[in-house]
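Questions regarding the structure given below will be posed in turn.
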Amino acid sequence: MSAEAFDGDSVVKVTDLVAGYIPGVNILNGCSIEARRGELIGIIGPNGAGKSTLLKAMFGLVKVHSGTVVVRGQDLTGLKANKLVSRGVGFVPQNNNVFPSLTIEENLQMGVYQAPRTFRERFDFVAGVFPELAKRRAQRAGSLSGGERQMVAMGRALMMDPAVLLLDEPSAGLSPVKQDEAFLRVHEINRAGVSVIMVEQNARRCLQICDRAYVLDQGRDAYTGTGRELMKDPKVIQLYLGTLAETA
Amino acid sequence: SGGSGESSAEETSAETETAAASVLSCPESQGGTGEDPGAKGDPAAVPASTGTTDAPLKIGTLLPTTGSLAYLGPPEIAGTNLAVEEINAAGGVLGKDIEIVHRDSGDTTTDIATQSVNDLLSQGVSAIVGAASSGVSKTVIGNITGAGVIQFSPANTSPDFTTWDDNGLYWRTAPSDLLQGRILGNYIMSCGAQTVGMIVLNDAYGTGLQSNVKTSVESAGGQVVAEEMFNEGDSQFSSQVDSVVAAKPDAIVVISFDQAKSIVPLLTAKGVDASQLFFVDGNTSDYSKDLDAGTLEGAQGTIPGTFASENFKESLLGVDPALKDWSYAGESYDAVTLLALASEAAGSTDGKAIAAQLESVSGEGEKCYDFAGCVTILRGGGDIDYDGYSGPITFDANGDPTEAFIGIYQYDADNVPQPSRSEAGKL
Amino acid sequence: MLAAVAAMFAALLLSAPAASATTATPDASPSATSPDSGADYPDRISGVIKNEGTPLEGVKITANGNGYEGEAVTGANGSWSIGVPQQGAYEVELDESTLPEGVALAEGQQNPRTVTFANTTNITTLFLLGEGIVLQEESFGSLLLERAVAGLSFGLLLALSAVGLSLIFGTTGLTNFAHGEMVTLGAILAFAFASLGMPLWVALPLAVLGGAAFGYVQDAGIWKPLRRRGTGLVPMMIVSIGLAVAVRYTVLFFFGGGTQQLPGSQSPILELGPVSIPRNTLVSLIVSLAVILVVALLLLRTRIGKATRAVADNPALAAASGIDVDRVIRLVWVIGGALAAMGGILWAYYRPGVSFNMGQQILLLIFAGVTLGGLGTVFGALVGSVLVGLFVEISTLWLEADLKYVGALVIMILVLLVRPQGLLGRRERIG
Amino acid sequence: MDDTRPIAQGEIGPGCAKRDPILVAENVTRTYGGINAVDVEHVEIPRHKITALIGPNGAGKTTLFNLLTGFDTPQSGAWQFEGKDLAGVSAYKVARLGMVRTFQLTKVMGKLTVLENMRLGATAQPGESLRRALLPPLWRQREKEITEQADVLLAKFKLDTKRSDYAASLSGGQRKLLEMARALMVRPKLVMLDEPMAGVNPALTQSLLDHIKNLKAEGMTVLFVEHDMHMVRHIADWVVVMAEGKVVAEGPPSEVMKDQAVIDAYLGAHHDVDLADSEGFEKLEAELEQDAESSVGTEPAVQSAGASARRHDERKDQA
Amino acid sequence: MDFANILLGAFTEIISPTTAAYALAALGLAVHFGYTGLLNFGQAGFMAVGAYGFAIPILSFNAPLPLALLIALLASAVFAVILGIPTLRLRADYLAIVTIAAAEIIRYVVTTNSMTPVTGSANGLAAFTGSFYALNPIPDGSYSLGPVSMNERDLWIRLVAWTLVALACLLVWMLIRSPWGRVLKGIREDENAVRALGKNVYAYKMQALVIGGLLGSLAGIIFTLPRDAVQPANYGTELTFYLYTALLLGGMSTVLGPVLGSMIFWAILSVTQGLLYGAIESGYITFITTTQAGQIRYILVGVALMLLMIFRPQGILGNKKELSFA
């Protein structure tokens, strides 16, 4: 699934990205990451490191001061989000990731907004991943539990069928089975040819399935390596992974 | 205008025979056109003033160009401008051309009047002509008269001002509602109505007229069977119209300003005959562009003052070619002319000094009808009695006119009010 | 002074014959109404004698006072008039023997009576016959029906404007105080096009298009740049107030402060069973309802409709789903502008009248409707507005007419007390 | 304070009685439309213990929190906190009594600084009453104490560098941390944490666990919802499992996590499997696919995912 | 065109009692909206309650000044409480409409003809400030404040009005920087979070509503004093809009913002008028008449308002940073 799968050409290449919310305060200070064809990239790091900011900046939702975002050879830096969607980039934000007043089904429809014809087919796929969404398709997303919302958000992204998928903590709030399910599906999608960049605080699980991972700290990519390498790196463990899972 | 007056007279009498019993039969129209009050003086023949002044007489106006009474502003402003033109053509007051400064009064919702007044006062005006609305006048009267400046309204009809504590500085050319209301009420009864319904604007103007109409209707033995109020700023009147019509009164009085344009179609649609409709000065205007021909034929209305003469209308159009209405133009013209005359008589442009002369230039003395004529007499040492476009104007000590004509108009088939008769009254 | 008045009056009278020379009934002969005495005196006592609405001819009246006695007999139209030499108190008496058989003075009518006059030249006194004045009462049921119909029409009309407002609010979160001016503009444009000589079927659609264009221009010129800058909703709300003021006075500048009428503003009343309703109102009722239902269905069913709700919920996520947020909002402004303009035209026919502040005058009621129904929902705007319309009209059965908006506003507050999210609004989940 | 006496009184099972309950709920039900969100017959929360509330998504955990703390009203039910009946008591009074909760979807006061957020949590600040607010001497001293207390907590939660930033500028995980730290400012008797560690970095989580254990030592009772089983195993003294609104299992963590029903519905058989090791991965996959066979057709859907992703690529390449 | 005179006009407006009244009312709104997040669009209603609450006792039963003042303040507190009971549970946007409605109800009720003996209906009430001016310790004469000259009466009302503004600012400033003020701000941000921390949100909101309302009703009284008249039409929604404008011009979560905003608002009104009329009267502009100038002026005011909000949405004294987290 890993080394042989990619042929070396880079699908997403972020170079020296500097970005921030308020003029004068940079959150990302020259961050560079790359995802090659068919790669599953994990991004981990402490809270407030700038992981979400990185994804948002790549997706045109945060102002980029300098640096470039190149997707499949095209420079897409600072393009509006909906333009990125039409270039095959999908994104699941960390917070506020559903449309509360739309029903579950309508939320999922929004996932295929630019290709409404594929709805049936994609919906069946998502229903397979999260059967509870299909069962309650007419319920408004605003009334869902935290985990259910997360499923809707994931479901919306799975609907999209993008070439590159950016996920911000997709497993947060999901029960253990659902988390495993989610990781597995992400992995599956990835195997089907979609490049995935995934931010996770469930760091071990993330490192277990990803091809390569970056550790982000204070707006920079501090470490990088394959998932397994990082998982074993004592410094990474001490600073970012903790030992809780091991002592168990 | 006499021609169309004739046809309406025929129409009404024809209807008296055929239509239902509720149709009224008013006293015959006496027709008539507006006449100039009297011969004008010759501006070229005015002798030089004996007095002098350092500062020319400066008059401010506080008339509505915005707000709900905005449509009343243009004729009033034209009236004042016309007067100023004529005064200056006759050499001005105390040897200097007079100046006029216009400011917006807005309406009571905008509170723009206070600011305009501050501005005018800071420019050193001796008198302020305005406001049109009694409500606005009330908010500024303290400010103006407190500063020793005359407030001279061409259109306030609220009786409250008669007794206002104004240092003798509040004056007006419009007669208080008392007279118009009495005459209208009485006139309606003389048309054979026994029951009257009223749709009334709830403000100083509307309720003042309403209570006087009601008094005279009741004292004649009739009854007001429906009184429906609406507020300034209301814009749909169906409930008021419906409940007045439901009481089936013989006559319906609409006391409003511009709102009549919305009220009348509702009334006539409900089957009210035009001859049952009576208007007041706020809404006795030309509806030829607004209503289908014949809609108002036979309806009647009252306007204080004698009928606006063709001459006067023409002169006004010379000042403002866009004018459509003449309401209070005469009163405004007279206000400025009286102020100028009083200033000349006082030999001063000080507000208090001018006010002290207003009563005497308006009454007791040799009749004269414009600035040139009057000032000629005045400078010749005579005593004058100015009679203006709005009536004979004789002030009492409260600053109110003591006598006035109320013109009664009847609508012709084109929905244009035509002079029908005129009644004189004293206050 | 008195002499002067008399002279003035005489001058007027003198001018009269000239004006009425061609009049069929010369006004110099008041005898056309009745033969009476004292025809030359300017001060007159007069009246009309009617029995159950029919004028009585030949009834004799006398007036006595100030050393003068006059009498008159009623003419064919029942009127009589006695001229008296001076104002003051007179005793006026109706000669009951001259009344027809079976007709008598009504109860409580003084005869003879003292009539005093001062300050005016005419005084009228009525002798009521038969039962006197009979008050007309309509049954409560028919009054209620009448008000309900009026309220329904008014409410639907509000709803049309309210839907536009609610749509804009729902999509952008903006409380648009300039919506009243968008309503006004529809009517003003219709008036302008019609007065250019266009037939109504051209002028009215053009005005609606104009409203849509105004929505477009507004968004392109103001709201989109503001969104770009990330301006908050409250500053935007103030901008909308500024816009409202600027537009209102621009309209005033060009249109003037008066009320004007659109062609065909006077319409006959149609009787539909127990209900009577002006034709224009009926048409506007049907148009409103149809348009609102179409808009609501579009929003619920179509992709773009769902997109508007998605943008309302979360613009960033909407963009992340591939929705062109600016385009959706632009569309909403265009539709909102068109609906407001349509509302304005119907409003101009309903009142009837076009004036520069007509939209502002109902803005609060529009807001009340939208709020009562639940902010941001189309059906809510419909239901809320109809309720507001009904309460405005029906409350006049008990309240003074000048308080008629109070009833509706109180009801709105009471409903929100029970349902803080409005009738069709949904409560948000906590936690 | 190592209390090793048994927590339950009598037999352990769903709804069993506790030796020293701080919170007792009876027949609490809440339905939304047709859904029975919460239908708890009986549950007791032991005093001075750390209790974990776990269960699948949508089990009703958050709703139960809402009901118990007065943010929502149940269709029926009664519950006592330290013997006081709380049904119908408004949310702020519940908090005053010493039962404070956090929110799963964080609620921070965005335009207040992090420190002000913390200070707002403090109790017994006389300056919060209108009358005393105007007399600073009456509240300055207390304010100083509060600030000290806040600073200690902020340092623990790694928020000290953000102390004077607006809370709106916090990252997702930092919000979670602030939410929890703020609740601790109240010094409640019972603190109810709704997924406090979701989104928090594991290294930090680990360092916070000791802090939570200390709370117990200070006499606090903790009830928390969490999906992170390492954490549950590590600090919980007792675990309550909810599913479809009901309490389905209860017991010490080690026992409960061996319960087959809990594993099936919630944990999954292989949640400990290392996915990095390809064997483990396939095991898990097979397991999940087997589960899914009963539900909607996963297999073709997955294929179609792959297929359409490829199509996508082709589309782009043509462009 | 006389620029000195235009500036003089603007200065006159800046120190006028009406501006002081706006400042007080806008300060009340700052408490409501700027600090507590209560989108009260009924401040005109509070002003009306103050004005009528002051005038009616004096005119109806000859109440002495302090009693009238007390009644006015009490009335507005009661109004705040009555208004608060149904509305404080509402979301901000619902609250806005309901408070507009409540203020309009007040206005309709004092306008209705059926209560003329008490309220004077649409004519309003007049001649009730005698006792206030009787308190004037300033001897008769003409006084000048900078370039503006005024009589003893004008000076007295200005002194009183601006002293009140200063006191109110001080009060609000002290309240807002206290822990009490912090709770208000917390409520503005998220009332459920504050509730979860054990604060009685409802009571705090009510306190804020009452305090802002009291400031509003004081403003209503100040507004009527120089006019010696209350007019119901003065208290329409427009007034509230203008108050919000003043508040936002200055900066909504600041103490001095509302004061500065009111001054700017009135200065804009005055300067646009001065420039426009000046240009027309001195012949710079020939294509419009002074009749139209009143209308143009409002167009300019509207545009100026928009521009100010577009280019400085946080207000003059506001903190730009706050806005980036809408």
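Each chain gets a letter, A, B, C, D and E, in the order it is written, and its residues are counted from 1.
Heads up, the rule we're going with is that contacts are C-beta pairs under 8 Å (C-beta built on N, C-alpha and C of every residue); 3 or more make two chains touch, one makes a residue touch a chain.
Owing to the predicted nature of the structure, the values given are computational and were not obtained by experimental measurement.
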Length of the shortest touching-chain route, chain B through to chain C: 1
Across the interfaces C-D and B-E, which one involves more C-beta pairs in contact? B-E
Taking each chain's centre as the average of its Cα atoms, which chain lies closest to the overall Cα centroid? E
Dist(centroid_CA(chain A), centroid_CA(chain E)) in Å evaluates to 51
Separation of mean Cα positions, chain E and chain C [Å, integer]: 32
How many angstrom lie between the CA centroids of chain D and chain E, rounded to a whole number? 47
Please work out the Cα centroid separation of chain A and chain B, and write it as a whole number of Å. 77
Of all residues in chain E, which are in touch with two or more distinct other chains? 108, 111-113, 192, 292, 295, 298, 321, 324
For chain D, jot down the residues that touch at least 2 other chains. 62, 71, 103-105, 169, 194
Which chain C residues sit where two or more other chains touch them? 249, 252, 400, 402, 405, 430-431
Contacting residues of chain C [partner chain B, same complex]: 1, 4-5, 8-9, 11-13, 15-16, 18-25, 27, 30, 32-33, 42, 46-48, 50, 52-55, 77-79, 81, 109, 119-128, 133, 135-136, 138, 143, 146-147, 150, 154, 249, 252, 256-261, 265-269, 278, 350-353, 355-358, 361-362, 392-393, 396, 400-402, 404-405
Taking the touch rule as given, give the residues of chain B at its contact with chain C in the complex, in rising order. 1-3, 5-6, 9-10, 13, 16, 20-22, 25, 27-33, 35, 37, 64, 66-73, 179, 182-183, 186-187, 189-192, 194-195, 202, 220-223, 225, 228-231, 233-240, 242-243, 246-248, 258-259, 261-262, 265-266, 268-271, 289-292, 295, 306, 324, 363-364, 367, 385, 387, 392, 394, 403, 405, 419, 422-427
Enumerate the contact residues on chain C facing chain D in the complex. 430-431
Quick check on the complex: what are the chain C residues that touch chain E? 169, 175, 177, 222, 225-226, 229-239, 241-250, 252-253, 364, 367-368, 370-371, 375, 400, 402-403, 405-406, 409-410, 412-414, 416-417, 420-422, 430-431
Contact residues on chain E for chain B in the complex? 5, 8-9, 12-13, 16, 18, 108, 111-113, 116, 121-124, 126-127, 151, 153, 226-229, 231-234, 236, 238-239, 266, 269-270, 273-274, 277, 281, 290-295, 297-298
